[in-house]
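Next come two complexes, and both contain chain A; in the first it sits with chain B, in the second with chain C.
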Partner chain A sequence: MSGALPPLTPPERAPSAAAASPVAASHALPSSEPAERVLRPPLRWPGYVAALLLIALLPFALKGAYWQGILVVCAMNVLLAMSLNLVIGDCGQLNLGQSAFFAIGAYVSTVLLKSHGWPFWWAVPAAILAAGALGLLLAAFAARLRGHYLGIASLGFAVIVYQVLVNWESVTQGVRGIYGIRPPPPMTLGPLGVIEFSNPAHLFYLVALIALLVYGVLDNLMRSPVGETLRSIREDEISAASLGVNPARWKAFSVGLGAAIAGLAGCFYPGFVGTLVPDAFSIVESFTMLAMVIVGGLGTRVGPVIGAVVLTFLPELLRDFGDWRLMVYGIALTLCVLFMPGGMVQAWQLVRARWARQGVH
Partner chain B sequence: MPDILALVLQQTLNGVYLGCLYVLVALGLTLIYGVMNQINFAHADFVTIGAFTAFFSASRLATHVLGLPDATAYLLSIFFAMGAGALLGYLINAAVFAPLRDRGDELRPLIATIGVSVLLENGQLALFGPIPYSFDSPFTQHTLRLGKIFFSAQSLLVVVVAALAIGGLHAFMRHTYLGKALRAVSQDRETAGLMGINERYLIGLTIVIASALAGLAGALLGPVIVLTPFAGSSVIVKAFAIVIIGGFGNMEGTIIAGILVGIIEAFTVQYLGSGLIDLVVFVLLLAMLAVRPTGLIAERREENV
Partner chain C sequence: MAILLKTVDLRKRFGGVQAVQGVSLSVEERSILAVIGPNGAGKSTLMNLLSGVYQPDAGSLELAGHRMAGLPAHRRARLGLARTFQKIRLFRQLSLLDNVLAGAHLHHQIPLWQYALPAGRFWSDWARSRDEAMALLEFVGLAGRAGERAGALSYGEQRLLEIARALATRPRLFMLDEPAAGLNASEVGFLLERLREIRARGITLVVVEHNMDLVMNLADRVFVMDRGVPLFEGTPAAVQRESRVIEAYLGVDVNRPEVAL
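Right after this comes the complex of A and B.
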C-alpha cells in the first residue's frame, strides 16, 4: 500500500518544518511562539469550557426571536466557514462551489423528511452522506486540476447543482420552493425538560453544540499527521508526492469531509427558515463563506469561526445604512486580502507580538 | 429549402450571434490571463456597469439632453459603456492587481477580485434596485429576412461589432509595436522587462482594453438579457466556461469556444428547452475538463519544483 499513509512527521518538529518553507509565510502564522510552548502544547480544555459557557449564555444576552434567529444563522455560518477552511485553508484547494454542498444537505434532508416521511435524525446522516459523496465527485476533478482551473470547475459544479434544483421539479418543486418545513422534532432531555427546536434559542444550542463538536474534531485532526499531510499538499503538491503522499486521495478526503460538514449545516437551514428555494444557494453564498474564511484567517482554526461571527453580525449592526450594508462583505474581503492577508487571527498575533516586545524593552 | 435545413441554419445563426456576445465577455478574461495569469472576477460587474451606463446614457443623456434619434443614441451609448469599462479596469489595476503583483501568490488577487465583485454587485443593488430595467435597443424591432431565415438588426449589429472588435484586437496584437511588446510580456515577463519593455504599463493597458471590451459587451447585452445588478454574473460563469474550454489565455481558442457554446445553447433551446441551457453548458465543461484538463488549445506551462 504505497502512499496510503502520510509521512509521520513528529509533532514537535512540525512548526519548524512549516517555517522552513518559504511559501508557508503567506499562509501560516508567524512563528513567534517560544520554544517551550511548542514542546508542551497549551491546554485546550479551558478554551472549550469557555466556548460552552459562551454558547449557554448568548441567548440570554441577545433577547428576542430576531436576534436569537441571527444566532442560529451565525452557528450555521460557523459550520460552513469551517468546512470551507478545511478545503481552501488546510489543503489549499480553491473551491468556489461550497454552496452546492450546503444545498444538497438542505434538499436531501428536506425531501426525505417531507416526501418520504423519514424521521429528522435519520435524514441528517443521509444528507451528510449525500453531500460527502458529491464532494468526492468534485474531488475527482480536483485530482487533476489546480488553482484557477479548479476554482472555475467548482464554480461550474455549483451552477450545475443549482440548475438541477431548479429543473428537477418533481422532487425539488423548482423555483416555487418547498414550504411549511418544520424544525427538528422536540427532544426530551431528562432534567432539562423538553427542548423545543421551534424556539430559536434552543435550535441555536443544538447547532452551536454541533459546531463546537466539529471544531473539536477538526482541531485534533489538523494537529495529527493527517493535518500535516493536507498542509504539505497545500504548500507544494509535487514535493508532497515525492515524499510518498498520494495527493489525489488526500484532496478527496478534504473536499469530501468539507462537503459533508457543509451538508450537515444544510440539514438545519430549512427547518429554521421554514421554506426552501434554490435561490438560497446561489454562487454568491459561496463567496460569502469565502469572505468569512479569509477575514477570519485562512488555514487557522479559530479564524473562520471569528470571521463567521463578525460577518454575520456586522451587517446587522449596519442596518441604518439600508441596502448599502451588504457591501460590507465585498469591502471586508478586498481590504483583507490587500492589507491583512492572514486575517484577524494573524493581525491579533502581530499586535500581541508587538506588545510582548515593548514589554521586554 | 427544406424546413429542417432552414431550422438548423436559423439556430446556427442565432448561436453565432449569442456566441459573439459571449466571445466579447470572454476575450477580456483571456487577455488578462494571457498577460498576467490572473482571473478578474469583477469582469462580470464591469459588463453589468457597461450595460447600465449604456442604458442611462442612451435613454437619458443622448435622447433627452442632446436630442439625438434613438439609433444614434444607442450607438453613442456603446462608446460611453466602453469608457466606463476602461475606467473600471484602470481602477481595479491600481487598487488590486498592481499592489498584489509582486507578492507571487496565485490565488490572492483572484480572491480580492471576488471581493470587488461582491462590492460592485451590492453597490449596484443599492443604487438600481433588484427590479429589471427594460432596455430597448432601437435595432431589436427591425427584423431582416433572408429566405426562410429571420434575424433582428440588433443581432447583425452584435456580429458586426464583435467582428470589428476581434479584428481590431488581432491587428493591434500582430501589427503594432505595443501589441508586439504585449505578446513579449505574456511570453516571459522578466525577459521582456530586461529588453526595455515597461511591463507595468503594458499590463495596465491590457486590463484597460479587456475591461473596455467588457463595457462594450455590456452595452450589446443590455437589450438582450434581463438588466439587473446580477446580469453580468449570469453571463460570466458561461464566459469562464468558454475561456476554459478554449484554453486559458488563448485568443483563438476563446473565439472558437465562444461561438461553439453559443451554437450549443441555441440548439439546446430548440430541442431541450431554455431551462436546461446552463446545465448542458456546464456538464460539457466538466466533461471537457475530465477528458482534457487543458482546454481545446493547451496553455504552455512550466512546472517549477
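Right after this comes the complex of A and C.
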C-alpha cells in the first residue's frame, strides 16, 4: 500500500491495538471479516466471464420464441431491478414510482422513432436523458421528504405520469396505444453476420449485454467513494451531512441515475412487444420491481439480478397451477420476505457462514 | 493566539422554550473548551447550532473568519468543522472501515470517469484513503476489528469509532458531545489521552461533557451554561471555586466547591 500517513497517526506512539487501548483489549467477539480482506479489492473478472458465458448459452438452453421472449423480459427486469436498487438499496430512499421512468423511456424513444423519424440509436440517448431529467425533477421536489412521505410522493408522481400517458392523446395516442413498433434495426457484426433483433434470442443478447455493462458500471461506482457516500446517506443522513456530504445532491444523483437506467430499459420494451399502451406501466409494475429488489437482497449487487430472474421465471413455472398461479406466487413472495428479510443474497451468506462453522465446504 | 471559533449572541427558541440565549464564545486555535451545565442547560442545542443541524434565530457565528450562520451542516464540514453526537449516530450496518471511509468524503481526488472505470488515480486514492482510515482506527484502538459491523461494537467503542470517523474529515475544529457518557473509568482514561493527542496534532476541541474528571483534566477553559444562558467562563480551577456554578448544579447556595465538583 502506498500513500502518505495521515496527520493524526502518531507512528511511534500509536497504540498497538491490544496493549495501549483498554477498549480494544476488552473485546472478545470474532471478526466477521478479517481486516486484510476488507482492504483488498476483490477479484471480479471471473464473475464477469461467467456471466458472459451464461448470457451466451441461455438462448441455447431455452429454445423456442416463447421462452426466449421471457429471456428478453428477464434482461429488462434485471435492468429495472438494478435501477431501483440504486435508489432504495444503496441510497435508502423509498421510491414507489420507478415504473414512471420505465414508461418515459419507452414513450420518448417510441414517439421520436415513429412520429419524428429518429433512428433508434439516437432515440435511446434522448430517452435516457429525458428519464434522467425527470428523475432529477422528482428528486428536487421531494428533496425534503423522507421515508413513507417520499414513498407516497413518488407513488403520486407515477400516477401523474400514467395519467399524462392516458390523456395526452395527440402524442401518446392514449389508451388506444401505439402499434406496429419495430424492434431495433439489424446490426452487422463482422464475422458474426447480421444480428436481427426481431429474433428474440438476438434481442436478448443485446439487452443482456447492456444490463451486464450497467451492472459493471454500478458495481464500480458502489465500490468507489460514491458508494460510500450513498450508503452513508442511507444509514444516517444527519451524520452524513456532518461529514460534508450534501444529502440533497447525492439523493438526486441516485434517483436521477436510477431513472436514466430505467429509461434505458424502457427503450427496448416497445420494439419487443410491438405495441405500447399506458397500462404496461401501471403502479403494480413499480411494486413488482420492488419485490425483485427485496427478494434478491436490498443494497447488494447481485441480489436484484437474482430477484429479477426468480420473479420473471417463477410465474412461468407456476403455469401448471392454472387459476391458483397468482395465489401461489403471492404466498411464495410473502414467505420469502418473512423468512429471508435480507433477501436471497443474505440468506445464502447465512447458510455459508453456518457451513463454515461446521467445517463443511 | 488566533481565534478559530467566534459566536456573538446566539439565540434559539423552540416554541415556548428559549433553548439558547446570548451565547458569545471565542475559542482559540489549538485550545480545548469544555461546555458544562445541568441537564437542559442548552449544551446540545448549542452544539447543533454550531454544527448546522439547527440554524440560530439570531446572532452570528464564524469559523476562522468564515461566516457560518445560514450554512447547512455539510458546508460547515467543508470549512473544517467536525462533530460527534450525544446519541451515537454511526452507520450501524456498515463496517468500521466503511464508517471511517465515509468521513473521507471531502478528500477524494479521482477524475470523474474513473468512478465508472477504475484506473490509476482511482487505485492510488483507494490505497491512500484505506491507509488513512486504518491509521485512524489504529489511533482509537479499533484497527483489528476493521471488518466488523459498527453496530456490533460496545458502547464505548462506538464512541471511539465516531471520533475516528469525524477525524477523517481532517477538521480544524472538532466538537464532541458527551464523549465520555457511558464509558468506564479506564475507557475515560484512554479517551482523555486520545483527546490530548488530537489537540497536539493541531486540532481545536470543543467538548460538551458531564464527567468532571475529564473536564478538569482536559480543558483549557470551561464554559458553563444554565437554562440556555451563559453562567460563567474561566479556567477549570476558577470554575471549581465559582459559587454560581455550584448553585446551578445543586440548586442551593452551598459554598463548598468540593461537594459539587
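The rule we apply is simple: the second predicted complex is superposed on the first by the 312 of 361 C-alpha atoms of A that agree within 3 Å, B and C clash if a C-alpha of one lies under 4 Å from a C-alpha of the other, contacts with A are read in each partner's own complex, and residues count from 1 in each chain.
Keep in mind that, in the parts below, a contact is a pair of C-beta atoms (placed from the backbone, for glycine too) under 8 Å apart; a residue touches a chain by one contact, two chains touch by 3 or more.
These numbers were taken from a predicted model, which means no experiment stands behind them.
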First, second, both or neither for A:322, with chain B first and chain C second: first
First (chain B), second (chain C), both or neither touched by A:243: second
Touched partner set for A:217, first chain B, second chain C, both or neither: second
Partner chain in contact with A:275 - chain B first, chain C second, else both or neither: neither
Chain B versus chain C as contact partner of A:226, first or second or both or neither: second
First, second, both or neither for A:115, with chain B first and chain C second: neither
Touching both chain B and chain C, residues of chain A: 26, 236, 238-239
Complex contact set, residues of chain B against chain A: 33, 39, 95-96, 99-100, 103, 105-112, 114-123, 125-126, 233, 237, 240-241, 243-244, 248, 275-276, 278-279, 282-283, 285-286, 289-290, 293, 303, 305
Touching residues (chain side chain C, partner chain A) in the complex: 51-53, 72-74, 77-78, 82-83, 85, 89-95, 97-98, 101-106, 108, 110, 115-118, 122-132, 134-136, 138-149, 152-154, 156-157, 160, 165-170, 186-187, 189-190, 197-198, 201-202
Chain B partner contacts - residues on chain A that touch it in the complex: 26, 94, 96, 140-141, 144-145, 147-149, 151-153, 155-157, 159-160, 163-164, 166-167, 236, 238-239, 283-284, 287-288, 290-291, 294, 322-324, 326-327, 329-338, 341
Chain A to chain C touching residues, read off their complex: 1-10, 13-15, 17-18, 20-24, 26-27, 29, 31-35, 37-39, 41, 217, 220-221, 223-226, 228-229, 231-232, 235-236, 238-247
